[in-house]
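What follows is a short report on a single structure.
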Amino acid sequence: MIRIAGMTRDHQITKNININNLDRNAYKWIWVDFNQPTEEEIKHLDSTFHFHPLAIEDCIHRLQRPKLDHYEDHTFFVTHSIQQREDELHKEEVNFFLGENFIVSFHHAPSKEVDTVWKSLDKPPKDVENWDEYYVFYEILDDIVDDYFPLLYKLEDQLDKIEENTQDKSMNQLMDELFDTRYSLLDLRHTINPMRDLLYRMLNTHRLDGVMKRKEYFADIYDHLLKLSDLVTSNRELTADIRDNYLSLNSHQANNVMKVLTIITSIFAPLTFIAGIYGMNFQYMPELTWRYGYFVALGVMAVMGVSLFIWFKWKGWFK
Amino acid sequence: MIRIAGMTRDHQITKNININNLDRNAYKWIWVDFNQPTEEEIKHLDSTFHFHPLAIEDCIHRLQRPKLDHYEDHTFFVTHSIQQREDELHKEEVNFFLGENFIVSFHHAPSKEVDTVWKSLDKPPKDVENWDEYYVFYEILDDIVDDYFPLLYKLEDQLDKIEENTQDKSMNQLMDELFDTRYSLLDLRHTINPMRDLLYRMLNTHRLDGVMKRKEYFADIYDHLLKLSDLVTSNRELTADIRDNYLSLNSHQANNVMKVLTIITSIFAPLTFIAGIYGMNFQYMPELTWRYGYFVALGVMAVMGVSLFIWFKWKGWFK
Amino acid sequence: MIRIAGMTRDHQITKNININNLDRNAYKWIWVDFNQPTEEEIKHLDSTFHFHPLAIEDCIHRLQRPKLDHYEDHTFFVTHSIQQREDELHKEEVNFFLGENFIVSFHHAPSKEVDTVWKSLDKPPKDVENWDEYYVFYEILDDIVDDYFPLLYKLEDQLDKIEENTQDKSMNQLMDELFDTRYSLLDLRHTINPMRDLLYRMLNTHRLDGVMKRKEYFADIYDHLLKLSDLVTSNRELTADIRDNYLSLNSHQANNVMKVLTIITSIFAPLTFIAGIYGMNFQYMPELTWRYGYFVALGVMAVMGVSLFIWFKWKGWFK
Amino acid sequence: MIRIAGMTRDHQITKNININNLDRNAYKWIWVDFNQPTEEEIKHLDSTFHFHPLAIEDCIHRLQRPKLDHYEDHTFFVTHSIQQREDELHKEEVNFFLGENFIVSFHHAPSKEVDTVWKSLDKPPKDVENWDEYYVFYEILDDIVDDYFPLLYKLEDQLDKIEENTQDKSMNQLMDELFDTRYSLLDLRHTINPMRDLLYRMLNTHRLDGVMKRKEYFADIYDHLLKLSDLVTSNRELTADIRDNYLSLNSHQANNVMKVLTIITSIFAPLTFIAGIYGMNFQYMPELTWRYGYFVALGVMAVMGVSLFIWFKWKGWFK
Amino acid sequence: MIRIAGMTRDHQITKNININNLDRNAYKWIWVDFNQPTEEEIKHLDSTFHFHPLAIEDCIHRLQRPKLDHYEDHTFFVTHSIQQREDELHKEEVNFFLGENFIVSFHHAPSKEVDTVWKSLDKPPKDVENWDEYYVFYEILDDIVDDYFPLLYKLEDQLDKIEENTQDKSMNQLMDELFDTRYSLLDLRHTINPMRDLLYRMLNTHRLDGVMKRKEYFADIYDHLLKLSDLVTSNRELTADIRDNYLSLNSHQANNVMKVLTIITSIFAPLTFIAGIYGMNFQYMPELTWRYGYFVALGVMAVMGVSLFIWFKWKGWFK
């Protein structure tokens, strides 16, 4: 679906504009939204707007890196919107063409952020005459970046849960969740870092006067991306710390288990051996006929067992 | 609470100024402190001072990264003050608006550093006429950064304790404390590094002439932040070294425990087996009827045990 | 084989040009392809084109790093084309000399990408008069870089398979495959990163006006190389994560195995010892003559075994 | 103690100058050394020389990072001198104020390097008229940096000893020494890297014309610091390699110990079980009455034991 | 030995020049080679050529970092030549002084590369008149860098052998070889990276017009150093990968060994216990007198053993 909004010369926002009889000069600026366009509708990018073939190719093909490309009379932006569905992050491209008095947004999937801004046009504020195509661009971009935060906070909550392990999950499961969280952070970084670099380029190029005019607004988005990038990096470090902590505790526990095994074996192996000796059936074994042979044997075994126990205790194996 | 101090034209510092009948021209400079402001009081940021909505938004919302933003007639600063309560680091935002002859400080939590400077206004030095709004800013910032040091030194002390382990804690507990220390260092880094970058920007922009005028003072704060950043980095490396050291000792100890187990088993398994053979009840077992069968068996077992012991010794397993 | 194509003054593309009677002035531009040249043919680089001896040396010798070298009247490019044969990556050099109205391509191995572009000359589009030697260069380079993607996607698929391990392979085999994938990624990085830097240099030098003229096209290739470089880096990180995950699960499993061993040994060692005691053949062992001695012994053993079992359960060793 | 040396207008070096009746115009240049100054003497920094309060503060307080600060009419330098006492590195600050025709050195601890240069003034060379305050500065700085080398070489020797372990120390002890060496390297880096950056700044600022005049001499010190920084980095890497090597050998050895244990257990457990069976006291056990029952049993056990042994051999467990 | 070659005004190369009656104006350029000079000969650096004392000091003292130093009328270069003798890398310094129409080479050890170029002077090519002192410099430098390649290729071959382990060496030995290879790579990096930076500086300074004149030649050496630096880095990464792979396989194998041990113990411990029970000598043990007691006991034991075996199989412990 292609929907078009425009601001008329007397600062009214109208939405009933049709792509086929679009007169761009009748409006101060227009916003054309390619919302899940059909193949037929996509052709308007070329036939109506004459965008650069490489930009159109980037619209059609699979996920690009966030970036901007300057072409002769328009600039092309690739951005990523991220949603979480059933514990998986889904990235969707939202692309923009900005030029003299127009903005074209393009997205194969429905975009919550674009819809929100589209609806907000119905209730324009008093200073609506200051609006232009870069205002629309800012509003959508701001929403897209704001929507990264809940995803990251959710990952932080997961890490907290893993670290405290209040639900007493098995190590196996915890390691798996940790791995998934690490992976999601890696995945997020691949959107956040190029988005941050994109905003940096937008703020430092002199070819986008719409950005220059409201520099503090776009700098506010850049700010958020810096914060996000910091959070991703330090959460990745935190996952590594948690894993190393688990591993060292695990190795320590293994050590203790092995100590128990060794103590048990060390105490009972010699005792059982002595019992075995007096279980032998030799005809001539003098001790067997002694009056207190049995009790002497028991005594020797008790002394042996207790000595070994004390020796291990003294060696500090019970700590 | 909003409290206001101002320097009159004759270099007197007065503190009984009310926000509602504030005449800024009557003073050489004023300092307005929004100390845990109510929602009502916060509105003065917009209604009285006309600060930029994005800066006001940053004041209201949750923890920002330390930064500065230039707006048309004021500059907005976000800084972090850190306190330690019950072994946890608490970060509080202290924000500043600086403009022509005024400084506005804003903090949701009470700020020890702001209070200290506020009190110092009561006993102004002789050169008080050199004071201006940037002097107040420097004094608070200097105190905030100075207060990072004891936190870091405390973490260093913790590391020393962990490394020497004089209290003979269990490995389990040590690893946990190490993890917490690492986490606190990570957390501190998230304040110190952006604060360092903020000071760097302040020193290298030409838009803050109040900073230019006392460059060596702000450079002194930058200096401290460089030192702090170095300390955090190398303490993080140190924690990794300590952990690796523990792990390798642990793995070495496990090795030794296993050697004990193997030696015990290797010596007693064959001996017990031989005892088992002569414990069998076959009717025809010639050795059983021998006169010295029992003593031969004991002798064979002794030789066997001692040989195995010597063999392990010779293999170096007792080292 | 040396094959030559040229565009005549009337924008016809002809392919029947012989190196020995080549009149360069008769053409708007020519493309000379040294396709698996013989030693004899290689001499034309010097005798016919007078290229710089260092560039010719780089053509002849073993695999260079992708790069460009400016010489007096031509620029020399080294690029890598990668093919996969029998699970191994094979890199082949494809070199280019670009100068006033000519492009010379040089490759010891057959090149799919060069062949594709060579064939495309037979069906020139309408705007063929805009073609020049840089257009040929762009087309080949674009194909070479596009051909990196399937290789990387295949490695990503391998990683997915390793991570999910649906075919239930042994750990041994998985680690081996992981190692191979890591190695291939390292190998790929050695082509992709220098290629990326090469494109960056091409876009930022002012000595290649053919690149300047179609900057957006070469920037599109650079874009792809940025994306590829990102993918390689994050896939390397992912392999490390997978390996660490395996290792920690392995160590956890070892822990569990050892617990089973310790429980079994701890329960049966004392029981077997008691049985051994009453298997001794002392003549005077009062318990042996008791009426219920046997049942008491069995009872004691049962209580002992069950108690130990409960104790281990209570210690949480069965989790 | 404050000691002062000065060069008179006729190029004589005199040392009997008193701080209280110091006439700076009488000398081409003077060197004032605050050698372990008393609190009273420190006040001269302010009262006699009028140095900046921040610089004086840095002199008094605890260890600063090496750095330089430009003030209006003097430059302040913090440098670190390192000595080794009883296997511990001790860092001492040596600070300098350089200005028009004077150098002031300041150190709380006695400084071998300052003393050496102080003594060298007694035997001035022929070209003594070329000397100035920067010459004194260069000589001390050069000595300070030269004294880092033996410390680093000693650490390298320690690493060699640890790696070869000729004294046959226990793993425990080796790991401890390795940890200490790593720590000392980390500590050294904290002096060497900021010192290197300090020299870099000195060589690249245009505000120190005394450095400009003998650039090659200060560049020679920078050179040494570059070399030192390289050595520290690669020795840190080397310690990590040594530790990883130990760990892998340790884990390999543990593997072998466990194999011995498993082989012994696997061979004797079934044999002992068989002996146990024929040690049972059932009244009706036909094998017991067989003529060759005992020998058959022995034979079966021998075959079993040897088979298991061969099987483990064939599995490669003895390698 | 000092040997001198010079090009006469009529482009003849002569080698019979004596240092003591050297008339530099008689030659277009001269090359003076200090080949393993005696202390007496070294003095010529100062007395004949008046080189800077710091450069002469660098010649005499122990191994410097590769670098260049500009002095008033000459430039001083330190380079490293590496040879392999008995599996150890030996670095030798080859130093150069370049100035107006002269090159001085200086090396304490014999230099294969210098000798090669020295000999090549006997058969000068036709374009010998284009030769100058920088040509000699280029030729030696090119040979020195070309000689790094076989060393690195040998290390790569070693890594291949370690990775495939065709000679079936023990893990112990493999880890040792891996460690040595890693060390050699670290050592090589310490020559290659500063050499690379040296060439970079040579290509980017404007003070060496001899380098400017044949920029493509020196850039070719830089190219090789870039490639070498890449190879060193990725081979270091590869060694880490190989080690991690070994470690994970080792830990996996340990796991399997422990499983065998646990299975054996778990099966035979209860069986041997049961045999032990019926080996007790209580007078009243009803089962002993049962007609089929023995066979029932055997049956129970068989069922038990087989059940445990199946249970372990079902748990997947045999995979």
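Note that the chains are named A, B, C, D and E in the order they appear, and that numbering of residues resets to 1 at the start of each chain.
The definition used in the following text is that a contact is a pair of C-beta atoms (placed from the backbone, for glycine too) under 8 Å apart; a residue touches a chain by one contact, two chains touch by 3 or more.
These numbers were taken from a predicted model, which means no experiment stands behind them.
Trainee: Count the residue numbers both chain D and chain E use at their shared interface, divide by all numbers used there, and answer same if that is over half, different if under half.
Mentor: Mostly different residues form this interface, as fewer than half of the numbers used are common to both chains.
Trainee: Distance-wise, how many Å sit between the C-alpha centres of chain A and chain D, to the nearest whole number?
Mentor: Roughly 39 Å separates the two chain centres.
Trainee: Please report how many Å separate the Cα centroid of chain C from that of chain E, as a whole number.
Mentor: Each chain's C-alpha centroid was found; their separation is 24 Å.
Trainee: For chain C, which residues are shared contacts with two or more other chains?
Mentor: Within chain C, the residues that touch at least two other chains are 247, 251, 254, 258, 261, 265, 269, 272, 276, 279-281, 285.
Trainee: Treating touching as the only link between chains, describe the layout with one word: line, ring, star, complete or other.
Mentor: Shape of the chain contacts: a ring, since each chain touches exactly two and the loop closes.
Trainee: From chain A, heading first to chain B, what order do the chains fall in as you go round?
Mentor: Cycle of chains, anchored at chain A and oriented toward chain B: A, B, D, E, C.
Trainee: Which of the residues in chain B come into contact with chain D in the complex?
Mentor: Answer in residue numbers: 216-217, 219-220, 223, 226-227, 230, 234, 237-238, 241-242, 244-245, 247-249, 251-252, 254-255, 258-259, 261-262, 265-266, 269-270, 272-273, 276-277, 279-285, 317, 319.
Trainee: Give every residue of chain A touching chain C within the complex, in rising order.
Mentor: 52, 54, 64-65, 67, 69-71, 170-172, 175-176, 178-179, 182-183, 186, 189-190, 194, 243, 246-247, 250-251, 253-254, 257-258, 260-261, 264-265, 267-269, 271-272, 275-276, 278-281, 285, 287-294, 297-298, 301
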